[in-house]
Amino acid sequence: MSLGLIVVLLISPFAGFLINGLFGKWLKGKEKLSGWISALAVFVSFACSIIAFTSVRGGGGMSGDEGILYEWIKGESFAFNIGFHVDALTTVMLLVITGVGFIIHVYSIGYMHGDSGYTRYFAYLNLFVFAMLILVLGNNYLMMFVGWEGVGLCSYLLIGFWYEKQSATDAGKKAFIVNRIGDFGFLLGMFTLFAAFGSLDFTTIFDSADAGNFQQIFGASTLVIATLLLFVGAVGKSAQIPLYVWLPDAMEGPTPVSALIHAATMVTAGVYMIARSAVLYELAETGEVVAWIGVLTAFFAATIALAQNDIKRILAYSTVSQLGYMFVGVGVGAYASGIFHLVTHAFFKGLMFLTAGSVMHAMANELDMRKMGGLRAKMPITHWTFLVGAMAIAGVPFLSGFWSKDEILHSAWAISPVIYGIGLITAFLTAFYMFRLIFVTFYGESRVESGVASHLHESPPVMWVPLAILAIPSALIGLLLGWGGHNSWFHHFTEHVFPKAHGEASGNMLVFMGISSVVGLAGIAFAWIRYRERVPAAEPTHALHKLVANKYYIDEVYNAVIVQPIKNGSHYLLWRILDTGIIDGIVNGVAAAIRLIGGTLRRLQTGLVQAYIVSMVVGIVLFLAYYLFVR
Amino acid sequence: MGLEYYLILSALLFTTGVIGVLIRRNAIIIFMCIELMLNAANLAFVAISRHLGETTGQVFVFFVMTVAAAEVAIGLAIIVSVFKHRQTVNVDEVNSLKG
Amino acid sequence: MPIEINWQLLMPELVIALTLIIVLIFDMFDSISKTILGWLTIVGAGIALWVSIQMQQAGTVGTQFNDMFKVDSFSLFFNIIFLISTILVALISLSYLGKDDRKQGPYYLLILLATLGMMLMAAGNELIVVFLGLELMSLSLYVLAGYFRDNPVSSEAGMKYLLLGAFASAFFLYGIALIYGGAGTTSIPGIASNLTAESQSPLLLGGMFLLIVGFGFKVAIVPFHQWAPDVYEGAPTTIAAFISAGPKAAGFAAFLRIFMEALPAMQSQWGDVIILLAMLTMTVGNVIAIAQTNIKRMLAYSSIAHAGYVLIGLAAANNEGISSVMLYLLVYCVMNIGAFGAVILAKTTDGECLTISDYAGLGFRKPLLGLFMTLMLLSLAGFPPTAGFVGKFYIFKSAVQAGHTWLVIIGAINTAISAFYYLRVVVTMYMREPEEELEFSPYPSTLVVGLILAVIGVLFIGILPSLLLNSVQNSVL
Amino acid sequence: MLIDYLPILLLGLFAVLFAGINLALTHILGPKRPTRAKLSVYESGVQPVGDARQRFTIRFDLIAMLFIIFDIEVVFLYPWAVVFRKFSETSGLFILVEMLVFIGILFLGYIYAWKKGGLTWD
């Protein structure tokens, strides 16, 4: 594998961004051209990814010095390089990003048809792919951070894409602010690593960490602090408790964006980061924290999804929940399983978002499933593809989600049966809410408003073909790559990347698979019993339902506890206890003081020529006095 | 006669110019005071040149005179354009740019 | 005594002078469209730039006119900075001046004259030449600042710049006179050889000090900075961009040349003054910038603060310091002209958007403008991977090497303060809702081209600094 | 010593005499038909009597500035003329051309001012 290949892989979407960004004016009338250019750009990357993949499979790869493109800046005792790290993990991510990315680009050509910001949309989308590629290709934390910020920026721009809608810009702001908290953690983690290792290169850090050859800046807990800080970054980016609140709101963006950025790729960056830093998490033994946060998020988000009626929101909470599973996987040391779930999830969740988009397309942007029903007849392809996705996520045997989820749960059992138990309950809930969605939307009586019903139609080929294409891997990829559980092809492919899992998975795998299947099918059956004929009530009836339907009032709680105190400047007790509150107060105080000084000094600028001359002369006199008397 | 007398004279001239710039309010007179400062420098150049017995300083004066003339031409033009807008050349009244 | 002139050595200056004369002649004929003059300027400066780069790569060195004029890698590198600034400013001016044909002739003439002055300053090996270059540049700038004669604010800016600038020039000249008296010569190598540790008369000390005042004014160092915000605000925006870029670099070029080549023996005298001025300049510039509401004034204070950062490199007074200053000035010119260009781009049908709150919501409504502005401001704030970060990194590194750790800490604090007001504009663009819907004019393509060039420069240097860095490190005095 | 200044004294005397004789001759020989306009002092069309601080038209300023600019350049001609002989043997042509270029540029500037209407009164 040559560096040139990776450079082409990386630059291609950037070129697409430039063409769409700069020549948007000329592309205005030629929508199709604009869309296909950017899709082609991603396809080129996809082709390069396949070459890179075959090369890695043949034992190739790129790490350490051979991946260095050039030296970026150099200090006294350190140097930052621009370079790439390509191994099995990287190529898996590359294939997901460019593969799913390409399909979603194609889908967008149809979906965004007629939008006034057509070229702007594709410019942002290509820029996103570019940033995501930097994130996974970099051979050091600095490049990862640059990509990390880049995808965050694109996500923000795309959430607020329809800026005329107040809710869209609000959602963008929320995503931005919440992510800053996470990024701050990531940044601090990076600083800690740099202070300890004097470098940010993966190879250097992992080798020195293995050898115990680094500066213990926080005593023996250096690595613990560093990994936890990095995890804060992951919590923000991958929407885990307590920073998950931005992701459901992010659904304000165009649906293909939700599919690509907020389901398949960007939100999984945190999982990728932990898998990449596996060596550090193993040494620091902080994986359990990750797993606990993950499983709690998985359960919590699944309960919220139970009572939502907005299709995209259900999918969003489902994403949060599935991301929780991935964290459980990487947290319990089953890195390959976590990444495997990332891959399968990218396909089936991407698929479901796109079908949701197809439904929206037909329903004139209606998202409330209570106003749907019986869509199966009018939109057969959408129905079937969605069904495949839902079965995959519900863990129906032999579909992709079944394999990856089962591996994670199996590995979790070895670490903590409690995590396993919660994970199993979540699996039941997942199957239940997904099929609730299916039954209410596609089955039963049609509740579609008459005006909309008349032009209810299946989506055009440019949209349904991608759905069909995505449905195939959603169904089969688990079987192909995951057959054999911990001895599967996927595990063999990635075995050199990750440290050996510390707890050997115990118990008979078939038993676990059986339990998972039963739980998943039970969820589906329960949904069938309950929602085959019925429609969710317009208003939640009892207290628990109300609590869940209102997402545990978390947004309201955050608003009351964090946002309002800041806004009012009043210091609630809780706020004051928190260290951040005090630190924040100091920061704000300093800012206010500086502003005050600035405002005062500003008055010296009177606009009078002679005042300026006086200040010059005073300056001269003072300096002369300094020479005459001080020295 | 010693060099220092010339230098003291030139320093006095220069200071007079600075004080003029500081206390006068009419832009044109301020400008003339600046010219006075330039001429103080010229005087110093000539005196030093004579003291050293070489001509660089003298040549310098020629250039400074030319520059001063160009400066006067430009300066008057700019002051005139300010006057056209405000009907005054009092620098205290020309202060719309500040902060 | 036959006179030999090495024409090749003078090529960049000659090209500019020739362009100047051609523009002058073309401007005499009303039948010729005046927009040609702008393009002539760009072409002329482009040729001069190409020549300068060739000479710089070839390592041309030589003196001319009895050692009064010195061409070396240092002066050629600064030529490159000046010419890049001139080309960028001419590009953003083409649409700014609009179709008002009559006015454009003198405008480009004066820009070329100022450029010639800057080139003389960088190549001056004799205080006379430096002074003449400085005045040629300054006189042109006084006129340019007051260029919109119909606009009272522009005239006011011109008058303030003129009065204060002439005042500072007088100090500068008097400083030269004193150095002439103290060292017995005005030639830069001559001063250096006449100057020994024991022969330092008060004349020299005073002269050196007055030179600092003169340069301090031209590059806007606190407390000689107060002209800058008023002039930047009042002057045409393109000219504000021009004044903030090339002339500042020229001031530092001559500053470096005189202090590092003629007065290195007095470093113990000027070293700590420079450190003090650097601290003062950074802090005052950044702190007042926070309180600004007009974007041109904010950029003015920011440019004052940037002069402070450059002084850090000067205070280091080693090869690292000089090369980092040169790199920084190039970076600074590109990003600052880019920032002013973005201000020009934000033009409504009523005129320019100058109040920062006017930028609310522009990030989404005008994505290209948002992108340009954000990139330039991030670069000014010194975020990686932009050129601004690379520039600051090497400045700070040189100071650490010279042992000025405290200076670097203050510089870093100032960088943090500056991020506050730069990012405020970005936040306004992306996070605030506009109070009223403004009608925006379409983008002029020449302006967009100029901005794209600036963006390419900022990102190129930011992502691939090593290419430029080698060239800079070979160009130190 | 003092005798060296004799030519200057003679020059002064000659100047005084020349002026005096001319004035006397016109006074004696000229016809006198005085009118009010003729008796007034000639000052470029400006009323010579009255407050000296009165405003007069800005166009004087423009002409004066142009005059200063082109007049001051003569300063460079003198040193040039003084050293010309010394160099005329080796590179006289070069120095001549150099000065011609200088004057040429000045001339170009003059034409420019003219073309731009700097010399027209209104």
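Odds and ends about this structure:
Per-chain residue numbering starts at 1, and chain names A, B, C and D are given in the order in which the chains are listed.
As a convention for this text, contacts are C-beta pairs under 8 Å (C-beta built on N, C-alpha and C of every residue); 3 or more make two chains touch, one makes a residue touch a chain.
Predicted model only: the values in this text are computed from it and were never measured.
Just to note, of C-D and B-D, the chains joined by more C-beta pairs in contact are B-D. Taking the mean of all protein C-alpha atoms as the reference point, the chain centroid lying nearest to it belongs to C. With centres taken as mean Cα positions, chain D sits 41 Å from chain C. Chain B and chain C, compared by their mean Cα positions, are separated by 26 Å. Here the spacing of chain A and chain D, counted between their Cα centres, is 83 Å. Residue positions of chain C touching 2 or more other chains, listed in rising order: 159-160, 163, 167, 171, 229-230, 292.
Counting only residues that touch two or more partner chains, chain D has none. Residues of chain B in contact with at least two other chains: 21, 30, 59, 70, 77, 91, 94, 96-99.
Going by the touch rule set out above, the chain pairs that meet are A-B, A-C, B-C, B-D, C-D.
Contact residues on chain A toward chain B in their complex (touch as defined above): 602-603, 605-610, 613-614, 617.
Interface residues of chain C facing chain D in the complex, by the touch rule stated above, are 1-3, 21, 24-25, 27-28. On chain D, the positions that touch chain C within their shared complex are 87, 90-91, 94-95, 105, 108-109, 111-112, 115-116.
In the complex of the two chains, the chain A residues touching chain C come out as 21-22, 24, 70-73, 75-76, 82, 120, 123, 142, 146, 156-157, 160-161, 163, 166, 169, 172-173, 176, 591, 594-595, 597-599, 601-602, 604-605, 607, 609, 611-613, 615-616, 618-620, 623-624, 626-627.
Note for the complex: chain B touches chain C at residues 3, 7, 10, 14, 17, 21, 27, 30-31, 34, 37-38, 40-41, 44-45, 48-49, 51-52, 56-57, 59-60, 63-64, 67, 70-71, 74-75, 77-79, 81-82, 84-86, 91, 94, 96-99.
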